[in-house]
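The same subunit A turns up in both complexes below, where it pairs with subunit B and then with subunit C.
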Partner chain A sequence: MKTLLSRAALRNSVFYGGLILALVVALVLAWRTTMVSSILAIVIAPEFVRAALIAATPLLLAALGGLISELSGVLNMALESMMLIGAFTAYTASDYGHSPWVGLIAAAAAGLLIGLLHAFFSITLRSNQIVSAVALNLFALAATALGFRVLYASGVFVSAPGFEPLHIPFLSDLPYLGIALFSHNILIYLALLLVPITWFILYKTSWGLTLRSVGEHPLAASTMGINVTRVRYLAVLLSGAVAGMSGSALVSASNINAFQENLSAGRGFIAFAAVIFGRWNPIGISFGAILFGLGDALQIRLQAYGVGVPYQLLLMLPYLITLVALVTFMRHAHGPAASGQPYTEEG
Partner chain B sequence: MTGAAAAAQSVSPRRHQPFSTEGRAPVLELRQVVKKFAGLVANDRVDLTVFAGEVHALLGENGAGKSTLMKVVYGLYQADSGEILVKNQRVTIRTPQVAMALGIGMVHQHFMLIPNFSIIENVVLGLKSNQYPLLGLRQAMERVQTFADDFGLNAPLATKVGDLTVGQQQKVEIIKALYRGARILILDEPTAVLLPQETDELFRLAQKLRDGGVTIIFISHKLKEVLAISDRITVMRRGRVVRTFDTARTTATELAESMVGQSVELTVAKDPRQPGAACLEVRNACARDGQGRQKLDGLHLTLRAGEIQGLAGVDGNGQQALVESIMGLRGLYQGDIQFRGLDITRTATAERLAAGLEHIPENRQTEGLVLGMSVADNLLLDTFESPPYAAHGLRQFKVVAADAQRVTLQFDIRPPTPEVEVRTLSGGNQQKVVVARALRTNPAVLIAMQPTRGLDVGAASYIHKQIVAARDRGCAVLIISSELDEIMALSDVISVIYEGRLVETRPAAETNLSRIGFLMAGGKPEEAPVGPAEEITYLT
Partner chain C sequence: MSDPTRGKVGAFDRRAWSRLLLGSVGLPALSVLVAIVIGAVMMVLMGFDPRQAYAALWQGAFGNVIQISETLKTATPLLLCGLGISFAFQAGAFNIGAVGQMYAGALAAVIVGGLFPNMPAPLHIGLSTLAAFVAGGLWALAPALLKVYSGANEIISTILLNYIGIYLVDYMISGPIKIGEHRDAPTSWPVADSAVYPKLIPHTQLHLGLLIALAAMVVLFVVMRYTTLGHRVRIVGQNPVAARHAGIRSDRVFLLAFFFSGSLAGLAGASEILGYMTHLISGFAPNTGYDAIAVALLGGFEPFVVGLAALFFAGLQTGAIAMEAVARLPAQLVGMIRVLAILAVLAASSPRIVELANRSRLAKPELPAASPPPPVPAVETPEIP
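After this line comes the complex of A and B, so read on.
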């Protein structure tokens, strides 16, 4: 039956992921050979792994959201809007509600609303799912900018209450691992926990089989008494809620728990790419998210160390990784067979 | 006599007992069922009674409303009016779930299987296990395995359905229905996709099920199959029930007449002809498809002037690639194509058309026609740029219109108004436009792929006549069809294609259905059954 992740796919993703990272590092090294030792120092520092995990979390949540939607046959390129609106909502709600949990729940609700819109356009109106997503992304960018300026007109940088790093007895005190893995905020552990949970639901429960059947062959599913429209709506709503939470993770990823215009800056699209990179499998997706997180963390550190490369080039790094990963993986990647196709009951 | 005629007569129906309704209860009754689609009446006041434990055939042409009616019974469509009774209880079947709860199962013509899922996943899809919401596959497996053993489905239940043969997939479909407790099993055109020997196996399975008390509704447009398998036959035409026959007391001719509403010939009238010289030669052709899969693998083919060569084969064995490479739509990476002694391997499609190679593509709507353009423009798609249809880069509309008018009349295209959009024509008339375009210029070679797919008997026999007439004018014809009857009826010579090669080419009189079926399935010619008159006789 279903293995966690086919061995070949796993070997591939590890191989290519490593290759891409090595390539990028080699490029930078070639630029400044004298930086070898200091860059090596950056990469092996526990803070680097820590930063990578923090950067990976919003991607992971958004990608898991995207996965749920796409397995049901609805492309979710609107992840960017869900993440951005989620972030804005998380920030304002934790600010006004004086708790990051209020922010998290509000972000999920906001993402769910965007999901509802996307579902309405894509499923009920059967409009082009990419067009719907592009519209939502543009809307989110403008709406959050407007909301931010209206609510925080003073321009004073307000820091909202955020999730504090946990101190886990014993584990947090371990050398290296304590800093790298065991002193994160709760959200990061929740996101990582969501990976096996999602996998279990997808492959070991009736719900998962139903969800996947609707994305593979909706007509066949409906002849087996499955209500395709209902399943797809639920999937896109859930997708929105999870992707909305990624906004909360994004806000708390910055240590100051603040919002700024276009905070997501295309991370929703990276998450979209991570779904393909992970071959529509939650385990593979988590590898993808972590790879992109590593790229993000590396980029920030290289900037800080002043490697002498213009910082704009370094900013490109995560997107470059996305590009290379997509070109490499899209070629043989097969998503759900009915992905992107609207479904009609009769004829 | 042609092969099809021989086939039609050599198949004797199972020795039937006249069907007695005594002591039998109706399990399914339809009363005055009406189903309309956007103005079109698909089912018009249909009455139908099916008794427990019978094999009831629904016979009719494509578009007669058989499948629609059964989709109403299965809850995929809602009837606009009328009543459905299951075991004498009035029921409303809103969804397939309701149908399944009433013990109705359906195996669709296009299988409703998910190729990416395993057999077991396909079978339990949509059901709640005892451990819901857990899938509980292990428990389900035991039960499904007994069905699989019973039906000779010899593949592990964890196999992906996409990796099964078509015959095995059909068994999975049947198991799916029975696992849900179906006591009435609707089989929609179940033999359309099967090899002759698989059909035989299906019929045995159907009998076994019937003997086990399952009622079977068998939808088909193939007379001899219906005669072989059913107890009673209800004939439908244009959405209405014509009559219900007792299989033991009817004949193929009687059924055919009530299907089409007039006396029809079951065969194609064709005089023997002496074939001319080799006209088109494909030598050692090798080609790959868009995904890089080997489609032609050293194929040799010779078409002779004034001869119809039939090409039998299971879909996907290189037929598409062969047509495309002959027409210049796909390159060969090895081998060559000779036309009247000239090498045309690298000649552009336009030049091949101009030289007299014509082609009826498999799918008239996606490949054969530009649906949004007029009949006149579609008739000239290959020549509209050249005189007399264009001069100095300007189209000559008067010539175009006059020519189109003549061709629509000549080929009996209805309505005979060439300025209307092709989209508005019926399927049969659309196909006539494609055929007219190919034959209008008296081509030297005609490659016809599925020339009558989905057409009613009238339109199909018209197109068959046109093809035979082209042969009589000296055209070299290649017919590629998944309807073996069509191949048997039309061909002078029959080839079988398997995995990108012709495994055998024989005069039609020296081969037969069982031999062709054996070769289509990958059998070796030296092991194939011989003898011209020997036929697969369903369950005699």
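After this line comes the complex of A and C, so read on.
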């Protein structure tokens, strides 16, 4: 894990990219043999790359959040709730605060609060970390449904102010890359910037070492004078803040900047799978998130172009792809040694 | 976990039973109470009268025969899915896939129920229900096999299979099993009259599904407490290493537990379709499988307590409609009451709290029940972080 991009993660990504293509081609061939060329046209369009990056950003932020928590030894399946609460808060706060930045900060704060709850249950009370996450996911569903109903009772469709696509001089005017890479909103660049930052903090600073030691061998860390509970609390709180921001990215991902019940629709769990896929390495994780984003974007494009495959089957695609990836890569994946185990100093 | 069957199998041990009852019902009841109180505070903060709201809620849930039947009808799939989730949990697995398994069951039920229009009713009902049982079980067996053979996390894979199941149903009802006549929304063909569950009370929608769910509850209780299969499931769930040393093939037990977990959810799907819907529509039960997780959590994964939890959840759900109509409160508020109950029960049953409770109980001297309680010694229990 010392290198920036582990070989295993790279192998995963290459294999996985081929897998998606094979899957799609197989799916399409089953319906219309003549559609292969139109699929190709979709995939090589710059708009496709653009859409994939947009779809990948919420997954990336959530997965980075999940990574921080998991390296400290706390399983974070509450990513889904952090994303959903984050999305709702981002939407309402940017609506009431008239700025997407207010929404982003509020989303991070809301995610942090869910992180606090998750930390309280799984560290202080030593509850089953999965049960805690499941309960928090139900909590997020109920709380956002109630909040949305109370604040937007009229049912009038409100579009909140969102992050506008940037126009970068020169770069945005490049022929293909301009559309694909250089006309995104600021949040997407921030998320991508977070990848090396997270990697640096986790693997190159002493605080990162402390965090990882707590996740690998809490007793040894404790013997070295590290306060395991405190480090884990901090990690889960930070995880919540980052994952909460993914909600803001999710709201901005739809061009209409709107919220609806259960907006996250399982994306938090896909992010959780991306952490495993990327082998607990930030760069690997970002590959995972982008590839899952490709699946999502492809599904939308295929629907729009009408390739003849029933759209309900296309909607399955991101989930099916994640499932295949999970089955393929879980076999040899092993996370932090003490992951999921509550820690007591009594032994 | 206290085991009253220790010693003589099936012997009636009154103390063990009362402990079981207090432990497994007392805690959820207390949590529900806490949730109701917090809910009342929320209502006051939102400017509503909690007494009026709760009265309307009660009336809407249990006010008359029709409302009670409606509540029991709502409780049926919650109970079936909740039992399935509990069974898998006892084997140490988290089945978050009740939604997908329920959809698979409903799909099988509507296919078998819609074909063969001239079959005798008992046979047709039995066959359609069995199809749902098997379909739900197989939908759950897939992630269990993936877990055993490739180590894929069953929580993630069951959730992914939920979405796959939902879209599969959407596809089927807008294509292969579409209804002949025109409908605004995609709808499946109807189930034949011979496959529809008989009603338990005339002029209500209460149907045979409730009896199936109650039977499943009793069977699960007996299996978990009095059979070797139940014993094995518990050992595998609590201590896989010990299970291996005891010569139990954990993989097989795990697969079996997951299959039956899914088949119970499949029965829930059948019960909804064959019981009163008669058509399969898009999003026919979007949240039941998730709510059932909460039901199982609240019930502490104990069959009879899960039954009570399902009744509580169903009562809130049907009552919420009346509450919204009478007291003008948003129906989504009951969703909050439910999750607050879950969080409370989660906190109260956490190792930390149980430890603290045990410690304070041990600090008191054991006394005969008849004598008055002595003054509690003013010794503070040592706090170990």
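Here is the rule we use: the second predicted complex is superposed on the first by the 336 of 347 C-alpha atoms of A that agree within 3 Å, B and C clash if a C-alpha of one lies under 4 Å from a C-alpha of the other, contacts with A are read in each partner's own complex, and residues count from 1 in each chain.
One rule holds for everything that comes next: a contact is a pair of C-beta atoms (placed from the backbone, for glycine too) under 8 Å apart; a residue touches a chain by one contact, two chains touch by 3 or more.
Nothing here was measured: the structure is a model prediction, and the numbers come from that model.
Applying the stated contact rule after C-alpha superposition, one finds that A:Thr205 touches subunit B and leaves subunit C untouched.
Of the two partner chains placed by the overlay, only subunit C lies in contact with A:Thr124; subunit B stays clear of it. Of the two partner chains, subunit C is the only one that A:Ala273 touches; subunit B does not reach it. Here subunit B and subunit C are compared by how many residues of subunit A each touches, and C touches more. When the two complexes are overlaid on their common chain A, residue A:Thr322 makes contact with subunit C while staying clear of subunit B.
Of the two partner chains, subunit C is the only one that A:Met77 touches; subunit B does not reach it. Of the two partner chains placed around the shared chain by superposition, subunit C is the only one that A:Arg149 touches, whereas subunit B remains out of contact. Once the two complexes are overlaid on the shared chain, A:Leu141 sits against subunit C while remaining clear of subunit B.
Residues 346 of subunit A touch subunit B in one complex and subunit C in the other.
Those residues of subunit A whose C-beta lies close enough to touch subunit C in the complex are 77, 117, 121, 124-127, 130-132, 134-135, 138-139, 141-143, 145-146, 149-150, 153, 265-266, 269-270, 272-273, 276, 310, 312-313, 315-316, 319-320, 322-323, 326-328, 330-331, 333, 342, 345-346.
Of all residues in subunit B, only 37, 74, 76-77, 95-97, 100, 106, 108, 111-118, 121, 124-129, 132-135, 137, 158, 176 touch subunit A in the complex they form. Residue ranges of subunit A in contact with subunit B, taken from their complex: 1, 204-210, 212-213, 216-217, 219-227, 337, 346-347. Considering their complex, residues 46, 94, 96, 146, 150-153, 155-157, 159-164, 167-168, 170-171, 174-175, 290, 293-294, 297, 330, 332-333, 335-336, 338-339, 342-343, 346-347, 349-353, 384-385 of subunit C touch subunit A.
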